[in-house]
Structure formats: C-alpha cells, structure tokens
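Below is the structure I would like to discuss, written out as structure tokens.
Chain naming follows the written order as A, B, C, D and E, and within any one chain the residues start at number 1.
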C-alpha cells in the first residue's frame, strides 16, 4: 500500500514546482549516459556532471540522455534551466507515484510511464516510474533505479541496424515505450502461469492458502490495472496525430504499441474475470466440504443414537423387566439393532448421502 | 491460459517488424493456393513457391492468395517485399495471439480475425488467427493450420453462381469474414446445448461436477467474449464507409455481417447472464441440502437424547430408588418415552421440518 | 434456449441472400391479406396467390399487405422481385431469430420487431418475429404464425374513424409498431403480478420452488431484455427525423412509442433489480432457518449431555461408591439435574436463543 | 408493484390520443383554480366549469391554471380544444404512470414530473404524476389528487414579494418544479433517518426483521431512482438554452434546480451503496452467529462425550473387571474425568473458541 | 448520515435566493481577513465589519477576502450587494451540503469545494464546504469553521517568494484549490494505513470487529467518493480554457491539480476494490472456521458414539449374556474399542480432516 501514496502529503502547502523527491532512493549515485547519433555518426558517453550534457544541446543528430536515480535534485534543476523545462515537469519527474500521462508543452512532450518488474522472491509486482521528455531532436529518460531495461535499444543504436538511426527523436521515444510495454507481456505470462497453477490446485485440493494466493493475485491485478489503464490514453494521444513532435512515419509504430497496450489491458480484464470465477469455485468447494462433513456426522449420529438408546433401555435396573429374563432376549436385541442400522443405511442410500 | 499470452515476451527488445512466429506450428509445410477470377474467366492453382504468386500481381481480375501455415518466415518476407506490405503487418500476421483489429494502410487494409472451432473431445473452444490483407484487386488470407473453412467460398467462385464473380476484392473479403462469423453461430449452438443440459441437471440432481462444468463454461465465455467483442468495431469500421477500398455495393453486405456479430455478442452476454444465474442456483441448492441434512440430524438427536437420558436415570445403581421397585415402573417408563417422542414429532411437524 | 440460435449454423457457407426459413413452421398455409385505402375509399381482400398483390403496387392510396406464415419461400421471392427488395431483406425476413433492427434501403425501410406473447400454460414468454417493410405508399408486414394481433388497426381502417385513413403509410407503420409495443405492457403486468406474488411468498414461507420461480423469472427477463433493448434504438432512429420516408406529422407519434419503449425497458430493469433482491432475501432466509435448526439441536444437546453424563456416573458398578448408599442420593441427583437444566435455560435466554 | 404498470394494457389497440384515465381516482370532483398576475395586478379564482378559464387565454399577464383530479375527461378535452394541445399531450396527462419527461411542441412545452410523498403509516413512498404545460404566457398544472403542495408558490404570488410577479410564465414553471424537487429532500431525510437507525440496529442486534426493512428500503430506492433519474435529463434540457420558451433570466434558476436534482440522485446512489453494504453485514452477522452456536455445541459435545463414554465403561456388567473392585477406583475415575475436561478446555482456549 | 442531507427540507417553498444557513454553526464570530497584493506591495488586515472590505474593491492589485464562519447572514447580504453577486450564489454559500461544482456567472466564477479532514479520535472523515468566488482581480473564500488551512498560501504571499505575487487572482484561486486537493492525499495516506493494518489482521486473526472496521471504511469511501468525483469535472472545466477569467499561464497549473484529482479518484477506486476483496476474504475465513469447528465435532462424535454404544451393550442387564461371563471379555472389549478408534482416525486422516 505504502508505495501507492506515501509521502505526497509532506508536499501540501509548498509552492508548485518545488522540487522534492518522493519515493525511495533506489540508486547510489545518479548515472547519466548520453547517446548522440544520426544516420552517419554515433557517440556514446557516460558523464559525471550534468553540465557535460549541455554540449549536446545543439548537435544536429538525436541526443538521448538517460538518468538513473533521481535523488540529486540539483541535476534536474540544472537540466531544467538549460533546456527550459517547466517547473511542474521537474516536480512530476520527482514525484514517482504518478499515473501514466502525457503532457504537451509545445516545445516538448512530457511522458510518464510505469515500468513493471516481477520479484520472484516475494512473487510481487513492483512498479517504477519512467519519465520521458521528447523534444524536436532530443529524448530525456529518467528512471528511479539503476536498470538495464533500455539496453536493447542502446544495442540497436550502436549496431546501426534497423530503422532507429535513420529516424528522429520521436522514433527513439517510441522504441523506449515499446520496450516498456513489451515488458508487460512478461508480467502477464508470469501471472498467467500462476493462474493456471491455481486453477489446477482448485480442482485437486483447495486449501486456505489457495484463497490467500487468489486474494494476493487479485490485489496485484488491481495495481496492475491502475498502472496500465491510463497508458491506453497516453499512447492513444501520441498516435492520434495531433502532436507536431510525432512525425507521420512514427505514428504507424505507435499504433502498434497502442494495440499491444490494449492487448495487455484485455488480458488483465480476462485475468480479473477468471480470478473472480475462482473465488466462487473456492467458496462452493468450502460449502461442499462442510456438507460432506455434516453428512458423516449425521450418518454416525443417526445410526448410533437409536442403538445406544436401546442398550440404555436394557441397562435399566427395574425389578420387573420381563425381557431381561428371556432366554433369547440378548440375541433378539442384537437382531433389532442390526435391522435398525440396515434400515438407516438404506435410507441414506436413497437420499444419496452414501 | 498458455494460448493467451505465451511467447510474446521473447520478442521484447527486438526491433519492430522483426519476424518471429509466435504460436504452435500447426501445419507441416505451408500450403499456398491462388485463385484468380473475374466475371468471365477463372483460374485456380496450388503453388509450391511463393514466387509463383507474383505473376498474379498485375492480373486485371481479383486474386485471392490463401496461405495455410505460418512458420516459414521467408514466405512472408518475400510476399511483403513484392507487394510492399509494412513490416508491422508481417509481424502481426506471425503473432498469432492478436485480438481482432482492422488497420488502414492506405493501399491496403489489414484485418485480423479469430476463427473459432469446437473440439468435441475436450469440449473446449479453440481459436486460431486468420489475417486478411485486402488490396484494390487482391485478397491475402493467412491461417495458422490447414483447414478447409474457406471451401464454400471457393466453391462459389468455381461455380460462378451468385454475386461473387461479378464483384471485386472487397466482396471476396466480405465473403471470407461472413464465413468466419457464421462459424460463430455453430459454437453458440454447441454452448446453448450445454447450457440447456446443465439447466436440467441443476434442477434434477446437481453434483459438484455440475459446478465444474459451469465454471468451465464461464471460462470459455470469457475467452469467446475476448475474441468476439473487438470484431464489432472491426466490421463496424469496414461498413461505415470511410474506406475507399470498400465499395458502396459491398457495404450493405458488411452491414449484414455486422448485425450477425452483434447477435453473437448478444448471445454471449445472454449466456453469461444465464451462467451466473446457474451458479446462484447451485449455491442455494447446496445450502438447501445442508439445511435438510441438519434437520435430519436435529430430529434424531432431539428425539433420542431425552429418551437415552431417561434410560440412563433408571440405569443408576442407587440403593434407594423407589421407582425401580414399582410393579408397573418399566411399562410406565415406556409410556413416558412414547409420549415424549410423539410430542417432539408434533413439534417438528409444526415447524415444517417433516 | 433452442429458440435463440437454432438453425443458424446450417446457413454457414451459403451465398448471402440465399432464402432459407429458420424457425418452426407456425402456420399451415401462408395467409395473405391486402388492405388498400385512402381518406375516401377503402378495400380489403384476402388473396390466394401473391401475384394478386401486384395489382396494388401502383394504387394511389396506402397498400398494406400482411403475410402470416413464412415457410413458402416462393412467395417472398416473387414479392422481392416485383417490389425490388434487396435479397438480404428477404433473407432476414426468413431468419426469424433476428434482434430488432431498422435498415434504410433508400426506397424503403426494413424494420424487424419481436412480438411477445405470454403462454399461460407454461407461464413462459414466447417471441415471434414481425418484419415490416415501409415504402412511400405501402407497408408489408410478415408474421411467423397466424394471429389477430393487428386486428385493432384493421378495425380502425375499416371504420375510417381517427387519423389513420387521413395519413400515409408511415402512420400505418407507426400504428402497427404501437400495437406491438402496447402488447409489451401486458407482458409487464403479468410479470409484475408474478413478482408481487413471489414477494409475498418469500415473506410468508419460501420453499425451494420459490427459488425455481425466481430463477425462471430471471431467465425470462434476460430474454425479454434482449428482445426489447434494441427496440429503443430502432424507434429512436425512426423518430429522429433523418429518414425521408417518415413524415413530420408521424414523428410526434413515434416519439410517443419511443417513450413507451423506454418505459418498458425501465420496468424490465426495475424487475431485474427486484428479482436480484429477492434472491438475496431467499438466501438469507435459508441461512436463518439453518441457524434456527442449529439452535434447537444445540439447546437439546447442551441440556441432555450433562444430564446423561450424570446418570452414567451413577450407573457405574464400582464397589465403593459412597453416594449410592446414601438415603437421599437419588433425590439429590434429581435436584442437581434440574439445577443444571435451569442454568442452561437461563444461559440460552441470555444469548437470546429462546 | 401495481402502481407501476397497472391498466396500461387496456389501452392496447386504441387509436393514439384516445383519452382514458389510468390510475386511481384520487379526488372527488376536479378542482380548477386560476391565478392571473403581472407585476401590477393579481387575480385569483376557483372556477366551477372549465369554460370560465378560457377568458384568461388572452390576458396580458401570466395565467396559471391548476387542475386537481383528472378523472373527468371532458375537462381535458375542452381545454385541449381551446388551447390547441396535441391529443398525445392530453393522453399523457391521463396516463399517470409516465416517467418524467419534457416534450417541446413548439408553442408550448409539456413536462411530466413525479411528486413524491412519504406515507408515515406504511412507511412507503408514494408517487403522483404532476403534468405542466408551459406556454408563452400561461402555465397549466395537472395533479391527480387534491393537495396543497403548490401553496407556497401561491402565497408568493399573492404577497407580490420576491421575483415571481416580475417574471414570466417560465419562472412560474421553474418555481413549481423547484417546489417538487425540494420535496425530494424531505423524502431523502426520512430515508436517511431509517438507514441511520438500521445501521445502529445492525451493530447492536440484527433480527430477521432488520433484513425485511433493508429489503423494503432497497425496493423503495429502486422506485425512487426510477422516478428521479429521468428528471436529470428533463431539467437539463430545460436549462440548456435551446428552448425559446425559457428565457435567459430563468435559466440560471433552472441550473440551480438541476444541481439539486443531481444532489438527490447522488444521495440515492449513496443510499443504495450503503444498503448493499448493510446486506453484507447482515449476512456475515448471521454466519457469525451460526459459528458461535456451533462452537457451543461442539464444546459441550467434545467435553461430555468422552466423559459419558468412561462412565459407560464402568457401567458394564462384566464379571471380571478388576477396576470395579479397587478401593480408589471411583475417585480415580473422577480424577480422570476432570483431567480430560481441563485438557479439552485448554484446547478450546488455544483455539480461541472460549 | 445527518451531515449529508439534514436541513435541506426546511427550505422547501421559500423563494430562491432566500438566505438560510444550513449546517452547524462552527465558528463563534465570523472572522474576515483581507489580503491585497501585487508584485510590488502587499497589505494584510483582519477586519471587524464587512464594510471595511469594500474599500478594496477597486484596488489595482489582487484582493483576497477570506471569511470563516457563515452564520451571520447579513455579512453575505452586504457583500452580495456591493459586488453584485447573484442571490443563488449567496444561497449556495450558505447551503453547506453542496457537491463540488463550478458556475460561470460571466463576471465571476463561483466554485464549491469540499475540504476533508480526518478526526483521529473517531477515525472518521469530516467534510466542510469551501466556496470560492473568483473575479477579475479578487478572490473570496468562505469556510464554515475557523481553520488555518490556507496559511501556507498566506505565507507565500507574505514572503513574496515564488510566482504567486507576480500572477493574478486566477493563480491565487489555483493555489487555494491546490492546497485543498493536497489535503486529500493526507486522508488517502490515513486510509491506506488502515487498509494495510486490516489486511494483516485479516490474515492473522480476523474478528467480528475486523468486519466492523471494513464496513466503516467502506462507508467512509462512499462519502469520500461523493465528495471527490465531481471535483474532476470542476477542475477539468477550469483548466479546459473556455473561461476568460482563467489566464493561459495558470491553466498549466490547473492541469497539474487536475492530475492530482484523478490520482485521488484512482486511489479511492483502488481502495474500494481492495475493501470488497477483503470482505470476500473475511467471509471465506468465517466459512473456513465453521468448517473446522464442524470437523472437530464430527471427529469427536464419530469416535465416541460407537464406543459409548459398545459400553452400553455390556451395561445391559440381560440374564443370559455369555460375553459377560468370559474371563477375557473386558479386555477384549477394550481391544475392540481401540481398533474402532484407530480405524476412525485413519479414515479422517485419509479424508484430510486431521
């Protein structure tokens, strides 16, 4: 829960644009990497200070500056000043509990996405905010922690194969978004496996742990949904063609990511439906077991209560009880008891309890 | 579950348009059949290599190229090059877990549909992706497995009867879509029968297997819904008349398919409603049975406990128990017991437990 | 269930416009009646062959041709040819499982409605497809069975009272639609009575048959809803004034039918809400009864188990049991038992179980 | 239920505009009151015959004619003729089961509202149809029964204070609508109190009557909702400014009523949410009680069954039972029994059943 | 409940614009504070009488008049007269049960918001109405009680740092709205903690108090939702740019608040989803406990009933019972009993009840 909303309140009353980092400090020192490329040349560099980036501001090619770790606020401040970003953009980059959104500031687009990753240990899904700023010939990407998620794109730029070097900053932004959405499919597969496993368990032998897992899964899906649903609007907005920063050629690719997003949302909804069905199954299997427990109890009680009563009768100490004196009294009682038991068993058979 | 999302993740990080086949290999060797026709002439041919198709590119009539089996990626690559299809289209043809969609690439339309089939053995519904590419005078159809689903259309082309030979490629595409949607009705009928059967079973004697079947049916409907819902938008888009590739004359037919799609969706929703009603019925019947089990137990216990107690009383070994000495003690105890039993039975009668 | 989707699948693969009758044969021989009228004159006639109708094609007045019974396909074929109806219209008239819809073919409108009737015997609602074709000066109506539902309209035409003779074909179509929608109110009243009756039964003495009735009602409402919801759109479309075949003067009447349709839909939704509430009540009443059964059992067991135990104690055969020798042992045990029973009864009183 | 749909069916087949009163006869003789005013003068009169009203038709001021009691159809007929109202309007005034609606007939607006009143005796909400016809300088109001609901408006007209005398007929219509909507708040308060009371009862001691009340409340809310929801659209339509009969100055007031309507709807939805929550609470409290009943039973049975068994053992009459001969046998059995009981109690303590 | 709708009904029938204060009197004497500032100068003053404010009406800078406490109606009357506010605005300021809304009166905007605060004692959320009137160069704020919520904004104005002194009245209004929305995050955090705590409790040991808390939380969320949902529309309307009173420069900030509102709504929906999941968990844990109680009972009964029966058999007093005479009869009975118990235990083991 905490990851959802912690820390927001401490900002109440501050002037808008006040830069405060909300969220855990996930990287030791912020790591700044710069890539500058066009179709012909290509340059890659890890810089120490943010000032080194400023040199790339006016290069003709596409400049991609990636920043891992957000807790050094002065980096953002300097960047913001140099590139003229709106204070609210910088503030939002630091508030790492944003829902996905896209904002058009005319000269640049600010895009917030959520990167999902599956922690195998706790079998929980973690989300991390990734901010992108897309300008005419630059892309900034901001991540909370140190990850290599963008490595495949870096590799494609380095190798110079494919379309990426021939196209502009908008295509680079697309490539990054595509990578993030592709990661969602991995999460979906993990969840799909868990659900498959649960479905089998439900049929074979549901325990109260099964219920716990169903509940946890449901909870994860609530959070996933919250992270993915707004993405639809974000990418839909990018692809719709009202933004001058997104060129026609890239839009067809964004439509592809849009489709993927809808597929992920679809899958989440399907999972939700399935899980709610599983809860029903679990509850009815609990009812069924209660039923069968009660049947066992009832059968035992219904058979032995009359028998015990009869035994009690002839355990009485009345002086004048003629049956007690009879030669065949004892065997006859046994016969009576067996007849009663058989009758009861037949009755249960008829009622389909046996 | 696996069919839903398997394999997508292995594509993460690849350049868009990278051709990787996702899904099982359902056909041994891909089978390519070509039909070329206009009102006057007609030609049909099964080709070995994809290059043979290229000859048909500039024929004046309508060319229909059907490809069964998608795992030989080079076929698609060559086709794409020859006809100038966008790499994303080729990629989507191979990703056989798409939801139905329609994309307008100007020169051609790319349409994804899902073919449903009912496996009698497992009583499960299987879906298979069918991709159509509709150009000004050609239609490509791509299927995963080797099926004869399109045979009725082939037959109509061969016979030359009906409208099909007189009309263009858009009408051919319509005919193929119509065929696929008509197959949905078959699935609906199968499901309808199962539901009918279940409803009867529920009334006569619900078992925990009934619940399993209800659950499975619900699950199938979740998947069906996912496959059919987007179709509405797809065919709606084709029929709305903003696409130049769809001629006026064909639109009236597409409106008809649109109606069928809505009818299928309607039926799915009705089935969902009915199944959720059935679950309620099942659960209340379980509760009712529990109730009746408990009543039997309670009646037995309530009658025999007091009797056994009385028998216990006169089984005590006190020296001074006047009743034990009485001449009519034993019969009087019997009378007492019978009176108590009758009283109890009347009480249960009044409570409507008997 | 069968009425929903039976028979559709046998059409798969046929050329569109192929005329096949789907549904039961409800009338022996199709009955064709023609009415031709304007403000001044009026003619009514039952014709034997469809060709006789053709004479009315060019009369200046309004021609209403009503056909009961659809299984003689040639009648439709000839009509279609003579009046130039689209093959899909004829096909839809025969597919008697359509949802209500309205299609504009320029020269004429094709309207599908569903006539509801309540079978008192089975207390089930049956639906029948009624197709209307509205042209500039003619109305065709097609019914599956032989009914007199349209008789009030016929009577109004014959008598020449009211507006009907003064107005055009669109008003006649309105009058027929109005009649069908008015019939819905009858169904609503029947259902309303059943619900009222059920509500009382639920309070006084719910049985498992009550549940069956609730379930059946729910099922009926699912089908009703399916039949009535699309009507809203159909009549809304007719009344909105984009159709040249509907004159301004008639639109105000169609708005009135539209209101009625919404009222019917409203009522259906209200009924659904009420029935789902009734299910809740039923389930809680089952739980309550289980509770009261368990309380009886528990009270009996809790009182008699300790008493029987005490009796058992003094039924033991130990040589040295001082109590057994006491003069007042037996009465004292009785006192003890009564004290225990009273104590238990007080406890249950306090717990409000008595 | 009856109030919902009774009587509609008897109109099926009649010509539209046929005047039949649907609903109970709520007033003995219809009462017609006329008010005619402008800023300077004011006249009020109770008329005997409807013809007396016609004199006011062409007065320069605003004429308000209020009619209580609708069963004398000829009054409506004469009014309709004199003022030229559409027959469908007159029909709708008499069909007192309409949902709120607003219809624009060009020269006048026809508005249907539902007046709610709370019957303290039966604690049921009753609705009554109020029809308004708003013309350029007149307002007609039709009520089913004889009520004084409009008295505050009459008082304001008489006193001449406030805005009402200075403004036109549209403001008068607003004032009447406002009064009706203000009455809804009273109903909301009554319901709010009932819910508050129920919530307390649920926590302290829920009985099966609580359930009945919850159910009844739910039912009332279903009907309330049906009466209030369409109002939103009605008043929204009046206030939106497309109607020439509503002047700019009055629209700001209608926006205010619109807000109130939304507030009422909001409250209804909140109540619905709360009531559905209460049902959950009730059901879990029933489950909890069942649980505690079962615990008592189980504790008693689990303690006394072993003890009774032991007593039974030493009640056996075997010749050779060494224990029976022991000097301390009897006390030792007591010790054994006490140990077993304590052990059981500890076990239940651990399980938190005590 | 009372806070929702109390007092509204007492206004029924009054002329619109009649000023009546609805709500509790939360402040002793109304407190009026005035701030007047522009970039260069700044003035702050607490005034005694409302007339003192009028002097600020025509100052060139931004005037902010804050009024705490609404029960002195004459203050509002005088303000309304001086500034020309519409009577309905004044009425709405006093009706402190409004839902958030924004109304454009041309010269000024009237905005209603709800301030939330968390009462730690009762762990309940309280809402208070805050009204804003935004004119070209003034802002009025009206609060019910005496609070210091706006202090951070006052501080920012005093210090002259940040943007606030440089911008107009619209920015001031934004700053106040922002403050109120930021407070929502605090409430969300409190609720988040409660939910987190509940989730743990549910897993470890759910009691019926847990259920009470879940229910209360659900209830709070219903009210929260009602207070926050309309805010979306309000701020959306302010930010959309159709209002001339909101300058372009401020709109980017309003978009930020809009995002926050959506985030709050999102969180509320997530909480609702989680709580409904918790109720399911609670109910199944109750079922599970019932199951385990029943198992204990059944095991005990099933083991001891047969044993007691056997003991009963040999407690009978028949003259001729050969077993009683046997030398090893008593030990053999013990062996028999132990065998039966073991068999039962194995049976339960197999059934997984142990």
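Note that in this section a residue touches a chain if its C-beta (ideal position, glycine included) is under 8 Å from a C-beta of that chain, and two chains touch if they have at least 3 such contacts.
Treat the numbers as computed from the prediction; the structure is a model and nothing was measured.
Enquirer: Shared touching chains for chain B and chain D?
Expert: Shared contacts of chain B and chain D: C.
Enquirer: Enter the angle, 0 to 180° in steps of 5, of the rotation superposing CA atoms of chain A on those of chain C.
Expert: The two chains, chain A and chain C, differ by a rotation of 145 degrees.
Enquirer: Cα centroid separation between chain A and chain D, in whole Å?
Expert: Going by mean C-alpha positions, chain A sits 42 Å from chain D.
Enquirer: Using mean CA coordinates as chain centres, what's the chain B-chain C distance in Å?
Expert: Distance between chain centres, rounded to whole Å: 26 Å.
Enquirer: Listing for chain D: what residues touch at least two other chains?
Expert: Touching at least two other chains: 283, 287, 290, 294, 297, 301, 305, 308, 312, 315-317, 321.
Enquirer: Using the touch definition from the top, list the residues of chain D that touch chain C in their complex.
Expert: 1-2, 4-6, 8-9, 11-17, 86, 88, 92, 97-99, 101, 103, 105, 205, 208, 211-212, 215, 218-219, 222-223, 226, 279, 282-283, 286-287, 289-290, 293-294, 296-297, 300-301, 304-305, 307-308, 311-312, 314-317, 321, 323-330, 333
Enquirer: What residues of chain E sit close enough to touch chain A in their complex?
Expert: On the chain E side, the touching residues are 151-153, 156, 161-164, 175, 178-179, 182-183, 185-186, 188-189, 192-193, 195-196, 199, 203, 252-253, 255-256, 259, 262-263, 266-267, 270, 273-274, 277, 280-281, 283-285, 287-288, 290-291, 294-295, 297-298, 301-302, 305-306, 308-309, 312-313, 315-321, 352-353.
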